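Shared between the two complexes below is subunit A, which pairs with subunit B and subunit C, respectively.
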Partner chain A sequence: MSGGLGHAGLVLARAVATMLAVTVLVFFALHAVPGGFESVYLGTSASETSHATVRAALGLDRPLLEQYVSWVGGIVTGDLGTSLLSSRPIVDELAVRLPATAQLAVLATVISVPAGAALGIAAGVANLRGRASGLGRVAGALSASVPDFVVATVLVFVASQAGWRIVGSSYVPFAEDPVGSTVRMLLPALSLSFFATGIVARTTRDAVLAVRAEPFMTMAIARGESTWQIVRRHVLRNVANPIVTVGAVNVGYLLGGALIIERVFAIPGVGEYAVNAVNSRDYPVVMATVVLGAAAFVVANVLADLAGGFVDPRLGARRRAAR
Partner chain B sequence: MRRVMKLVVSALLVGVVTACNAGGTSPAGGEDGPFTLVWGKETDPAGINPLKAGDIHAFEIFSLVYEPLTQPSEDLDVGPGLAETWEETSPTTWRFTLRDDVAFSNGRELTSADVVGTWAALKELDVRTGSFPNVDTMTAVDPLTFDVQLTAPMPDLPSRMELFWVLPAEELAAGTFNPDEDLLGTGPFVAGEHVSGVSWTFEANPHYWRDDLRQVDRVEIKFIPDDASRLAALRTGEIDFTMSSNPDVRTILEGDPALEVTVQETTDLYYLSLNSTWTGSPFLDQRVRQAVALAIDRQQIIDTALGGIGELTAITPRAFADACDPAGVLGAEGRDVDGAKALLADAGVDELDFRLTVVPAFGALRGPQIAQVIQQNLQEIGLQAEVGVLDGGAWLEETFTNGTFDATLNWFTGGGSTSHLLSYMDPERAPILAHLVGDDPATIGLVREALALPPGEERAAAVAAACENLNEQAFFIPLATKPTVIVHRTDRVEPVLNPIEPVQMTFRRLAEFGRAS
Partner chain C sequence: MTLLDVRDLAVRYDTPHGVSQALDGASLTVAAGELVAVVGESGSGKSTLGMAVLGLLPASAQRVAGDLLVDGSSVFGLAPAELRGLRRTRLGLVLQDAAGSLDPTRRIGRQLAEHLDRPGHAAVLSRLEQVRLPDVERVARSYPHQLSGGMAQRVAIAIALARSPGLLVADEPTAALDTEIKHDVLRLLADSCRERRTALLVLTHDLTGIAAYCTRLVVMYGGRVVETGPPEEVLERPRHPYTRGLLHAVPGQETVGGTLRSIAGSPPVLTGPSAGCAFAPRCEFRIDRCGGVRPEPSDDAARVLCHRDGELDAVVTLHEAPEVSR
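Take a look at the complex of A and B:
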């Protein structure tokens, strides 16, 4: 038990250190980019005096280190700060946008993991020279090489030709209308899941091929088990861990891909919010979205790490033996 | 089992399609009900304060709620807005008289104190005062009359007032109105529910003074950033009208009888600035700048980068009677590659690498494509341009604050008279643009001479002399006009647009849009 807690502590410490490093990197890189908030905010006509006034009023004239320490102090107490542009608390603005992005990422995961796993298993279990294996490889390569925005643009075109009202129908939060909201998100989630499905499929296929070479598979075939029984009893158990791992890694990709998908489908999510914040040099908003993204990525990986022991008991046993 | 699965999947698909078709609003309302317009707009403005914000997205919102002192007529003459009449009482004083039937949307009548108070607030912030050069003070004469005192003669002051939105100064001073958060004007609409980045609703202003002209009862704005997605929403009837930056929009929508593309002329223009003031610039030599001007194929820019939507232009927008002849721009009547090579040889330049920056974030959406044409054109004379696409902040820092750029491509609002863009060529009037437009004393002298004259033949001659000099200097090279493309559903709405727009307020007559017959 104490060993398990020790492992969890180590994972947690690693996660906090990662997040801290990300914030340092992004904070100082962001301030090194030419053009401050006041330039973008005041535009081309403002005088130098106006620029200085705005900088002083917002505390942007303080030393960078002081600004960073002050920002970290706020984060530690749960205060994400205030948007320079809108003067509204960032937490309020995120409360409106975060559900949309979360819904998009979750729906994309719900589509990509089962679909990718099914494709991968089908391709792996089938005869290597068979049609299913070839199709699986082609589907995997296709999904991994076609960019999200191409898929999204094609889907928008198809939807408009078919008369489906998707883009102009304002986003409805899931809590207000679960069915309508899910339907509105279906095409965006499909676009976003396209690449992720390919990655899951390829990883799964490789894992299945590795399992096929194990002696217990020969035994199972010799025992006369059916294909479905082999998949359920032997293949699924052994490939579950790689699927969980790649699913966690995909969280980072899904959050990044959401930037483009949200724009194409006019979804008021965190991605569009972050892009606008970078363009307008709204530093606190950029930092808040970075922390959020990093936290989501780190948490997903921590959960995948912890879940690994449950999904595949051999991993837990190896960790215990190593200690 | 398989049959059951097929049935379940089919039912799900039918459900999804039905739900998709049921989604969205019904634009334009019924035939007899209130007339609601649904506008697919590119983006939510970053700021809504007319004392500060100066981008096109904000201007479009302002035109729904606020009104300026003067308005351009259909043929670009200066017409009455909130000010009914004006006269030049001395070379440095103008007297304006306001209409007597105007009230803000809270019911309070507009007075000259509001104009004076708005000017005081503008001066205090000092962000947009550059739009009103030479204006020193404003004083109220009586409740409907005010004087504008200038530091130097300004014959075009009335056209400058097309961008002077009047705010409720009494409420501003009392602190009951915060222009950063609220919209309170004399215009046709009042702001309603606003979901940031998603939608914004505007209802009819019950105190609007031109209620007889207003056809629209309600405006619903949907923010759809992607151009192709806006066209898709238009096709499915989720929005009634939008603007497009796609140069192929006419081809794309050809054959769809429900959609009509309208090109509105503007006084705006794309330009290329070659830095003639920074010591690190490769364009300090006038001959090198002239070679660039001669080598650019403007017609290719219009035909390919702009999809045929645009025209040749001089530094002063061609729509004005006293504008310069576009043919006077070096290379405008056809490229002269040999001439360009000869100029480079004369300057001792065999090869030259430089950086050409563009900034689509400020509305030059076709900037990268124009830059690519220029890049190809200049290769023929041995100049290698590396195209750099910058975001707004980085571009402002490099171009305006530091002035450390080689060449940059962007666009300018043409304004309501020839003096608008010409005044940009005088670093004293527009100090922030100093790096962009050079500092040749002879040019500045000619520009000032033209700006000091009232409209007429004498000024036209002075403007032509200034243009000739600017063309020879070749640090600011006009490329093409920048019209606006509007797409609307013919079965929903009949848009009312001025044939030409000087200050980016394409939908200034949105309240007059009619139902489709």
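Take a look at the complex of A and C:
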């Protein structure tokens, strides 16, 4: 590895490169769509002259590359552009919606990572003891094959049957009523976390089985440590890294899932915003939300990667040595 | 009561790749405080025997016959909790992969402390000093990957001996170490066990390397113990043809027979109980009976497993072994 760069520098460089690639992809893909941005205003029957006027007003007559550079420049300085529909700065519209989605995603992570890790460790340990790991397989199969909206619908139905009214009622901003907001968010978050829980569970179980093959596990058994002692002393720390990693990867799934879950539960979040933008072809908003989603995913992965060095001292040492 | 009593133990591995008879009627006893070295070529069943002592055979292994008793009770008959108790209080294990034997995510001091009856920083340092580690403060603070193989093995020994077990099983404890360190670690193992009156069962294929540190040698071949005795006796007057061959094969011992002769052929891979003597295909003294009749151990303490035990010394000497056509 080149001198002076270090692991953190490398990770950050990779993250920036990824984000650049995303902006290029989303920008040029959307600008290649026939009809152009202005047709959102004009519809298909408008005349050539009105097209040209609107294009000039939106700056769409400039060379594509110039438009791209000014768009990326705007993002870097915190300007995500203007919504074609509302003519308001996208940043202002996101500021209202971001907290709802962040709350949903954080809650879903808080549910899925511990639940998945617990299921995975239980399945892995059951497997070590020679019992078939039905638990993990059932959880994995369920979460992989049942779509989020089905889970959401079932949960809503069950909650309504149980007379648990509040969970089904409409969204309240966290800032207004933290407790009430969180309680109302539980059902959506639970629906959203279902898939992620399965993924964390499977990753954890595989990690437990891989750790089991290590000599230090044989040594722990040979010392007469109990299953619980072995899990607490040796398994947890050694599977922490894969769990953190899969938790970060899941941010992608959670954001994708939020598109649907926010619809089902009528949560005014970024997902709903993005879906509406796609339906009404509000291209600047589509681009902004895609970039925002990619940024969340990349940031989560950078954090997970850097955390890995702290969780696993070997990894940290290798990275320092490679410097 | 004998500390370890292995009685005609037969163990077979049943895997999708095939069946392998790792132990084929192995017998061995170890008394309290004895330092025993089990020597044999790769595949002779040493590790299987060692793991069986700790009740650590994998699920693919099955006991076909015989028994293995620790403190008089069969490890195969113990309930899981009893077996755990036996391991915790009476048994210890050291493996070849010293660095891999330690949890990579935790500092040495913590790993050692949790196995001390009276944990504490001073106790940890004193245990590390006992295994002759330098700079114990630093070692206690280190992670396993920061130690050399030799240092890691000393730590592993300290942990295994933390509760002064009755018996320590060491499977190739020095095979992965540099030659200069090998003897230091073997001496440390032997001395530490002697101080605690812990019996030691070292499994190795380095016959001459281990001889100086044990009170008894046990030679294994084809899943059976073929000869045992004090090291001087076995080295100077080997009785089993396989032991004789082993000594010829040892580098540095060439002069004994005048020429260096290793044992021709390779050790058997048994898929079932051996019909006769497992060494017969490679034995230059074999007679008709050897291929079809299983030899029984001699009546004396050496328990030599050979049909021709007793007659060989009279008939031939090591120096003039007849060339048997193969």
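Convention: the second predicted complex is superposed on the first by the 276 of 323 C-alpha atoms of A that agree within 3 Å, B and C clash if a C-alpha of one lies under 4 Å from a C-alpha of the other, contacts with A are read in each partner's own complex, and residues count from 1 in each chain.
Here is the rule we go by: a residue touches a chain if its C-beta (ideal position, glycine included) is under 8 Å from a C-beta of that chain, and two chains touch if they have at least 3 such contacts.
Here the structure is a predicted model, which means the values were calculated and not measured.
Judged by the touch definition given at the top, the superposed model places A:Val183 against subunit B, while subunit C stays out of reach.
Of the two partner chains, subunit C is the only one touched by A:Arg233; subunit B is not. By the touch criterion defined above, A:Tyr171 reaches subunit B but does not reach subunit C.
Of the two partner chains, subunit C is the only one touched by A:Pro215; subunit B is not.
Judged by the number of subunit A residues each one touches, B leads among subunit B and subunit C.
Using the contact criterion defined above for the overlaid structures, shared-chain residue A:Thr49 touches subunit B, although it does not reach subunit C. Contacts of A:Thr77 after superposition on the shared chain: neither subunit B nor subunit C is touched. When the two complexes are superposed on chain A, none of the residues of subunit A touches both subunit B and subunit C. Remark: subunit A residues 33-37, 39-47, 49-50, 85-87, 93, 96-97, 153, 156-157, 159-171, 179-180, 183-184, 186, 263-266, 268, 272-273, 276, 278-281 touch subunit B in the complex. Interface residues of subunit A, counted against subunit C in their complex, comprise 130, 214-216, 218-226, 233-234, 237-238, 240, 311-314, 317.
Across the complex, subunit C meets subunit A through its residues 54, 56, 59, 83-89, 91-93, 95, 97, 100-106, 114-115, 143, 145-146, 156, 159-160. Subunit B makes touch with subunit A in their complex at residues 16-17, 19-25, 38, 40, 46-47, 52-55, 125-131, 180-181, 195-199, 222-226, 228-233, 235-239, 361, 391-398, 400-401, 432-433.
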